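In what follows, chain A forms one complex with chain B and a second complex with chain C.
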Partner chain A sequence: MDDGDGVGAPVIGDKPAIERVATRPAEETHRSSAEWIRKNLFPNPFNSFLTVAFGIFVLVSARGLLNFVFSEERGWDAVRTNLRLIFTHAYPEEQYVRVWVCVGVVVALACLSLGLFASEGEGLRLRKISNALNATAVAIALGVVLREPSVLIGADGETVRDADGVVRQSFAEAMADRWAWWLAAAVLAVVALAVRRVPKRSDGSPAAVPTLDFAIGAMALPVLSTWVYPWGHYAFADGEFIAEPGRTVAMSTKVPWTVMWVLAVASLIVGRWVRAQVDERALSRLRAVVAFTWLVVPFVLYWVVLRDPDLDWDRIFTVDAPLALAFGIGGGAVLWWLTADGRGELGRIGAIALLGFAAFHWVAAFMGWYPMLQKVRISFLLLAVMALLAHNFSGEAAKRRRLVLAWLVITTVFHYFATVMNTPSTVETPTEALIGGFAVTLVVAVFTLMLSFPLGVVLALARTSRLPIFRVMSTAYIEVVRGVPLITILIFFVVILPLFLPANMEISLFASATLGYTLFSAAYLAENVRGGLQSIRRGQYEASDAVGLSTVQRTVFIVLPQSLRASIPPLVGQVIATFKETSLLAIIGVFDILRMANSVIPAQTQFLGIKREGLLFVSLVYWVFSYMLSKQSQRLERRLGVGER
Partner chain B sequence: MSKRLVRRFGGLLAVLALLGAACGSDDDEAADEPAATTEAADDPAATDATEVELVQADDDLLDTVMARGELKCGVSGAAVAFSETQPDGSQTGFDADYCRAVAAAIFGDAEAVEFVPLTAAERFTAVQTGAVDVLMRNTTWTQGRDTEVGMDFGPTTYYDGQQLMARASDGFTSGSTVADIDGAIVCTNAGTTTEQNIADAADAAGVSIQLNTFEDFDIVTTNFINGACNIVTTDGSALVGRKANQQPDGEEWVIFPPTPISKEPLGPTYGQNQSRFADVVNWTVYATIIADEKGITSGNVDARLGDGSLDAEAVRLLGGDGELQTAMGLSADAFHSVISQVGNYDEIYSRHLNRVGLSREGSANAGWLDGGLIYAPPAR
Partner chain C sequence: MSNEGAAGDVASLSTLGTRPPFYRDATVVKWLSQVVGLILVLLGLFFLASQAQNNLEARDIATGYDFLGTALGSDLGSGIDTDPDTSGRALWVGMVNTIRLAIAGIALATILGVLVGVGRLSRNWIVSRTSSVFVETLRNIPLLVQIILIFVVIASLPRVETDQGPIHGWLHISNTGVSIPRVTIGDGFYQWIIFVIVGAALGWRVMRRQERRHDLTGQQTYPWLSLTGVVAVFAAVGWFAHPVLGWVGAIFDAIASGVDALTPGIVQLVISLIAVGAAAQWIRRFLASHRTPAGLTRLIDDDYFRIIFAGVAAVLVILFVTLGWPGLSSWVINSGRDLFEVIADKFGDGRTGAPIAAYRPDIEQLGNFPNYGPAGLNLIQALAAVYFGVVLYTAAFIAEVVRGGILAVPKGQSEAAQALGLRRTTMLRRVILPQAFRVILPPLGNQYLNLTKNTSLAIAIGYSDVVQVGQTVYNQTGKTLEVVSIWMLFYLACSLTISVVVNFFNVRMRIVER
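Our next item is the complex of A and B:
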């Protein structure tokens, strides 16, 4: 619905408002709709023909879709009844508050971040809102007219048939029958008109509302609707099929959704308040804190909130905590020693020896020579990596302290999660998987992205390295992975990987699938990042050398920020692709949202064979999330000014 | 200068590459740990769960299951009336109830089951790797699976067979045979033996048919309803379910021929050479059959044990004189738990299969006294 305003230059967040107004086409204000239509839709006979032809095509398709969606034969009850299955599979009802806590944490964190960092921009112009409302009203009216009349239902509840098949209402009856839709269209049109009447601001700029406030305010509508309309219903209680009108999904979700909405508004306000209190420097500190929280939150939500580990304190005090303490202190001491002044070659040899020691444990694990706690192996490896990094931190006490502190944080976080992951869950589900449906789609997508991003950046750096060994290895990896279809990789990881593992190690379907996705996605991300790396001019390298930056400093502070910024569009494309590719989980036997719609729901006796409705719903869910990602990336691009310089 | 640069840059890359490797392994360890932990859930204090030798290849499966405290039962999760996933995530159906029956026999608790939904492709691998203890996943007992694939089969719980379904308005009756389908468009789902069976049957009857295959039977049925197929064919149990639920008003579908064109005996399936576990599964099935034979149901089992109206065999089976069960490694009243918590064969059958239109009467699934094939060896 291009209203003719979009022809101006892209809106740039950081330019002053006056300038933006000035660059807008001057004739815009006094162009009537009739003129606009003549100019854009019917400028000459051929274009008029195209407009009419495609218009008819769109209307016919819309009619088909409407007839399908609103047909009396559609089994939407299958979707409405199975909403829980579709979103979380068998997660127990009495523990459902955990799911809401997860949603709440994400909502609160998102709104807090928005309140803290989102730039206000020029806001959403009321004219645009009015146009959107008008367009919706027209679409509803068109839809009402387009959809074929409903079939008649006899007194016995069956559809009325005659020799030609089902009997339908007359057109006039159908139009009268759909009065509620007409009313809705009329209300929207009136609201649109009212919004358009709002006068310009005193400085002459068009009336507008802040985009964020408007979006969150608009979300109140669906939330409020749960108090009025029974979206979805439970057909099951205690294993018995029931269709109680009172026990609807809306009834049981109206309070949680309202809480979510209030939480969103509150976090937004808190975020803005904090922002008003602090200066730039503190804000950038806060940004780091929030970014770190975002990184940790998925792990906490999945392993702590959803899984609710049944912690065995005896074991924690006798094994886990002492182990973490030993690694923290011992590792800290090693790192302190390695970074001491004049350690030189000795330090490097020590680090490499540590690496060999750590690697040996892994070889031993695969050979099955001696048992050892997995987390000890990983801890040694992490320590070895830190030791290799140590020479960058030698010298001043402050730098050394920072390295040791980083090690303590890494040890704590790692040992905490290793313990939590190692503890059995108290959440009892009837099947082996904790979650399924859309939750598993999200979890796999989030973990895949979190893990493949660093791997992709490393691969990209390696591929542009001047050292042939890294270049060749990385190139070979990327080309091999990109040359193999994703489903092949997934099947490889799910079927063949378990055979390569040592006898006493097993890997869950979920983990091996995530691993497969990660390795696949990393290869593509690496190529995207490499594109960004190549856009960095030679002068940037020379300049950073000239000011005496080390390689690490140059890569971290000069090269990566610029190249990642340049590759945002393809990176977001990859994120969306990864999110949608999780639907392949259905093929390898994970009960994700697609599998629910495609095989589980059609196999329920009361909904036998009802598949198209579920698939349509699933596509809608995928679309909503992909569209949100896409919108966010556009915002990010605007904020960082990609394509501007 | 540049040499040093190269070295340092290389060093950085090595470190980053290792970090990447660590991340990768971190992931697989991290996520596989819970899976391993569930195995040792009963004994978390022993040693670190990821490291324990959890299942030794020569371990006795029955002991392993008992130590775990839960039966891992492979089901379909998407098979009408046999294993359905309900909107609240629970499993219901004929197969699901046999999982519960085995759990009731082993633990005395029918709910001590962890259902593992499996696709047709992964079911045998799941048994071989120990991901499930037993398959109750409408698996046809065939020679190849019994020998080459390395499975063992328990007593057949449901005798299925491939049949055809057509419209009565096209002149078919339930007495029609494959010889009557000359020239018809026959549809079925791809990648199963149904395709081969119908082609063979048509060849044998000397008729020519056009065989169209689709990805799954939902799509086949949709095509049948909108007229793209004259006839659909798959296992009789599935056809009856489709007829009961999807036959449009004003149409009549018929299923034929009376004698199926293939034999599809379905029953529990487990790995080879686990005799003790196999005995438990088999005798659980037999116990439900014997109880059905003697009219012992979940409702009357306690009353009948009390009033002494049971014969000696039934008393032995239900634990009155339970040496037979204790010799198997079960508690004496193991099968009493099965009958009281899950029910006898007829109860399990009627609960799930009657409502999709499958009835025992006159079919191979009737008891042997009624001319069917459901038969159990004596409990003595």
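Our next item is the complex of A and C:
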């Protein structure tokens, strides 16, 4: 939809940062507020006019927004009551702990990775925090004054009206009525003052707190607030909010969030502790393990935790486990034999024969000659691919062991997931999909990215390769997909894909939509990766030729690592774009977060026709996620120094 | 090439002169893998196609594009023809809606985006912060959410008042949408526009002359002012004198009958000749680029592949025209004749009225409800939502593109301009923006493409663009595959057009290096 994220980012992200760094100290030393206002707001007549015009515009817009959001007529209860629907749709109540387990695993893993990976920057300066707090206090005070006085509510609970319309409080009454906001502003201002008073460090550098600690600490505030304020009730039961007697958020919401926070802090501490204990070599291995875990976790969470397969142990012991064992041992033996010293041409011929054997089963399936489990066919194909790569690992025992170990891991993971995915679920939901709301947005986005990334890399390699037929095919694919809108591709996959499948095969809406997103996103990713590939100097190719690397080795060990690093900023832009594009799920009939706000909630009898509130909330959710991602990508870009080399 | 060859050489050295087996020869491996890959892809496509064939037969659905000529059972929400006779006509109406939306959207988004992008770099604190908030808010919320939000907000606006008649204002907003004055082409527009074109051509020459004079003498010669003046004079004269051009229609009538006299065979021949000529031209230029003073460089297999591929493409075009779709040539003839007849119809003795007419919005009773009348330019609810949605969203991205482009101009340029004593506006207009434009243009073209493709989200709120109409058509006829193919061709054509236009300017703007 918009690869503009990526296209613009590299230029845009860098420049202002550099300029800001360069100019800040000089400005900060002598800057009184009167001087600042004169210089930045009223330097000449034209700019004074602009300032006044924009000032009025901003104030009027802010007033309109505040009046809308805090109006007594707003149906925010529609959002508060339906929070659970918005985030997970109709995931069954009694199994809800599974959702929390998923959130917990992601939170713990994220904080563990932060502890292991994150570098300690200069931190957040206290002065900056103080400024932000002050600004918030001023904004609150301004908002309180700007918002029109509330309407009066009569004893019968209805709005009081007279001949001219609704009756409102007087200005003084309204200001007095909003004492809580005044108090909040005052508290913020006092805290800001206190923070500003913290003296400089002993070495003269300004006082600062580590950014990460500050962020996680700040998270405690919303978590704690669930114990005193009813932010959101997650369900209606017989027309009643399920909430605590003391009118806070229900126990089943605030306890999990508190646990999540504790988990976050604990895993951050563990991550840092481990990092302090181990040496450089062990640390890099540990990081590799964590990175691999990230790759597997989405699948485990979705198919094992959320879906809770109803495993048929008889079948597992008689069919699935023996099959996996046979492939593991047999395949391992084949690979061991293939990589033995002096295997030479025989090894290659064997690998190609294996590939032919694997392909034959597919042809047989195509023609319907004999039945075979699909996972056996795929296993043979996987083994053939490993066999083709085998000659890269021949020779030393350690290398051979690594290849066999990789095969064992691949077999285990593949057979495990193949079994789990083919088992019916115990979770009963009213729709075809397992989960809906924001969760389905995240699931589709994550699977799309994980699947489209390898495809995109392959397409990019094909497009830049010296094999003309592959190049033409890849170019045609990329250009066609990039030339048409996403919605036509989604409709193609949802409406037409069933036509292309054999009669006995069915595909769920979720799967076909993910497939459509994947193929679409891959074309854009391919262009981003291609940009990185083109940045590789010729010398790198020549050098790898000089040391006698094969094409595969050169691509995997020399070209891709460098080019992927160079294309990280546009790739993150593509991640954001894909995340935003998931909103199109609503059009093709998936119950995603947008559909909840636009169709499901307005159809509930309590909240008939209430759309704007829900849509605003959805916008906010999307905004928070995209904004955080784009800020992180800019940070990453600066840290990697892409574009500065 | 070189490395596989080199690897092969090393191998042959170590095995004392024995050649590697044929299946390890670099060229063989290269072409074998490609042919196998191609065959696999073709087999996969063949498999899918045969499955589709079976499934369609099982469901008793015939394939083909005959449905384009059959009647459509429902009306369209808006467009040049809200009650089309056939499905094909309905799709055409949808395409026109999409194109109009895209062009109007590109115009407004560019203006807004440039303003915001420049505003973000302003030294005025409040202007730059407002622009930042605009960009950061809009580009981080999915477009679909924004469109639906605007749609819902418009629906919550006050209703149209019941009194009918002209609205005494320029702008009217209600829950039905937005209505603004309509400026429309009048009776003698096409005769008048000839005057304007002649004026523009003449004015262009005058402008170039004035520019040259300025360059030579340094006098202020106002080239742009002269251009405007010449065009204005011609437009003013033409406004009254345009009926004298009534005879132009006869020329187009003659062209139309000329096109009608063509036979399909001739058209096929012409298209084939064009294809062959294009391929030959391409091959000639390709070879020319490989020619050095010492003669033609050695062509590698990849180069031969390109040459063969160009020839194959030409042959494919010829086969498509003659065998694949023989009706194409008569379609070309018919639509060409119709086109010229339509143009001829725009001229004539009866056309003496004013070239341009303007109307202000009005309200009329439509059934039980008051609604906007046809006089004003009415952006109905769905159209307004998708239009402002794509415009605001794209403007945020264009703003970033513009900002990036301006920041990419080296600082020395603005310092030099200041040293020359240029004013800030002059500096921006004559030094910064022309240089920034080179950087801006390619990503700007990307944004135009995105805008065009994003108009397809209109389907979510029921505006009759090509996707929404297509959905209606396939719901009624069941021809999903055909409708999707039409969508894809249409959007590919749009993308191609935009790329060609952007590339044209890109080439013109490029710094000529040595």
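Assume the second predicted complex is superposed on the first by the 576 of 645 C-alpha atoms of A that agree within 3 Å, B and C clash if a C-alpha of one lies under 4 Å from a C-alpha of the other, contacts with A are read in each partner's own complex, and residues count from 1 in each chain.
The rule is simple: a residue touches a chain if its C-beta (ideal position, glycine included) is under 8 Å from a C-beta of that chain, and two chains touch if they have at least 3 such contacts.
Here the structure is a predicted model, which is why all the values come from computation and not from measurement.
> Taking chain A as the common reference for superposition, should the pair chain B and chain C be classed as clashing or as fitting?
On the superposed model, which is not a single observed complex, chain B and chain C clash.
> Kindly classify A:Thr551 by the partners it touches after superposition: chain B alone (first), chain C alone (second), both, or neither?
Touch status of A:Thr551: both partners.
> Which partner chains sit in contact with A:Trp623 here, chain B, chain C, both or neither? Use first/second/both/neither.
Second partner only.
> When the two structures are overlaid on chain A, which partner does A:Ser170 contact: first (chain B), second (chain C), both, or neither?
neither
> Looking at the overlay, what does A:Ser202 touch: chain B (first), chain C (second), both, or neither?
Neither partner.
> Mind working out whether A:Val58 is in touch with chain B, chain C, both or neither, as first, second, both or neither?
In the superposition, A:Val58 contacts chain C only.
> Check the residue A:Gln277 against both partner chains and state whether it touches chain B (first), chain C (second), both, or neither.
neither
> What is the contact status of A:Ser33 with respect to chain B (first) and chain C (second): first, second, both, or neither?
After superposing on A, A:Ser33 lies clear of both chain B and chain C.
> Touch test for A:Val495: chain B only (first), chain C only (second), both, or neither?
In the superposition, A:Val495 touches chain B and chain C alike.
> Which partner does A:Gln374 reach: the first (chain B), the second (chain C), both, or neither?
First partner only.
> Can you tell me which of the listed chain C stretches (129-137, 363-371 or 417-425) runs into chain B once everything is aligned on A?
Only one listed stretch clashes with chain B, namely 363-371.
> Need the overlap of the two footprints on chain A, from chain B and from chain C, as residue ranges.
In chain A, positions 466-467, 470, 495, 498, 503, 550-551, 611 sit in both the chain B and chain C interfaces.
> Taking the complex as given, what residues does chain A use to touch chain C?
1-5, 7-8, 11-12, 15-16, 40-41, 43, 47, 50-51, 54-55, 57-58, 345, 348, 352, 366, 466-470, 472-473, 480, 482-488, 491-492, 495-496, 498-503, 541, 545, 548, 550-551, 554, 576, 580-584, 586-587, 594, 598, 611-612, 615-616, 618-619, 622-623, 626-627, 630
> Any idea which chain A residues touch chain B in the complex?
81-85, 88-93, 158-159, 161, 234-236, 239, 307, 312, 314-315, 319, 355, 371-375, 378, 381-382, 384-385, 388-389, 414, 417-418, 421-425, 429-432, 436, 447, 451, 454-455, 458-459, 461-462, 465-467, 470, 495, 498, 503-508, 510-512, 514-515, 518-519, 550-552, 555, 589, 591, 599-600, 602-606, 608-609, 611
> Taking the touch rule as given, give the residues of chain C at its contact with chain A in the complex, in rising order.
Listed in rising order, the residues are 1-4, 6-7, 10, 21, 23-24, 30, 33-35, 37-38, 41, 47-48, 51-52, 54-56, 58, 122-127, 130, 136-137, 139-146, 148-149, 152-153, 156, 302, 305-306, 309, 397, 400-401, 403-405, 407-408, 439, 443, 446-447, 449-450, 453-454, 456-457, 459-460, 467, 471, 474, 480-481, 484, 487-488, 491-492, 495-496.
> Provide the residue numbers of chain B that touch chain A in the complex, in ascending order.
Per the touch definition, chain B meets chain A at residues 5-6, 8-20, 22-38, 41, 44-45, 47-54, 72, 76-81, 84-92, 113-119, 121-122, 125, 129, 216, 218-219, 221-222, 241-242, 245-246, 249-250, 355-356.
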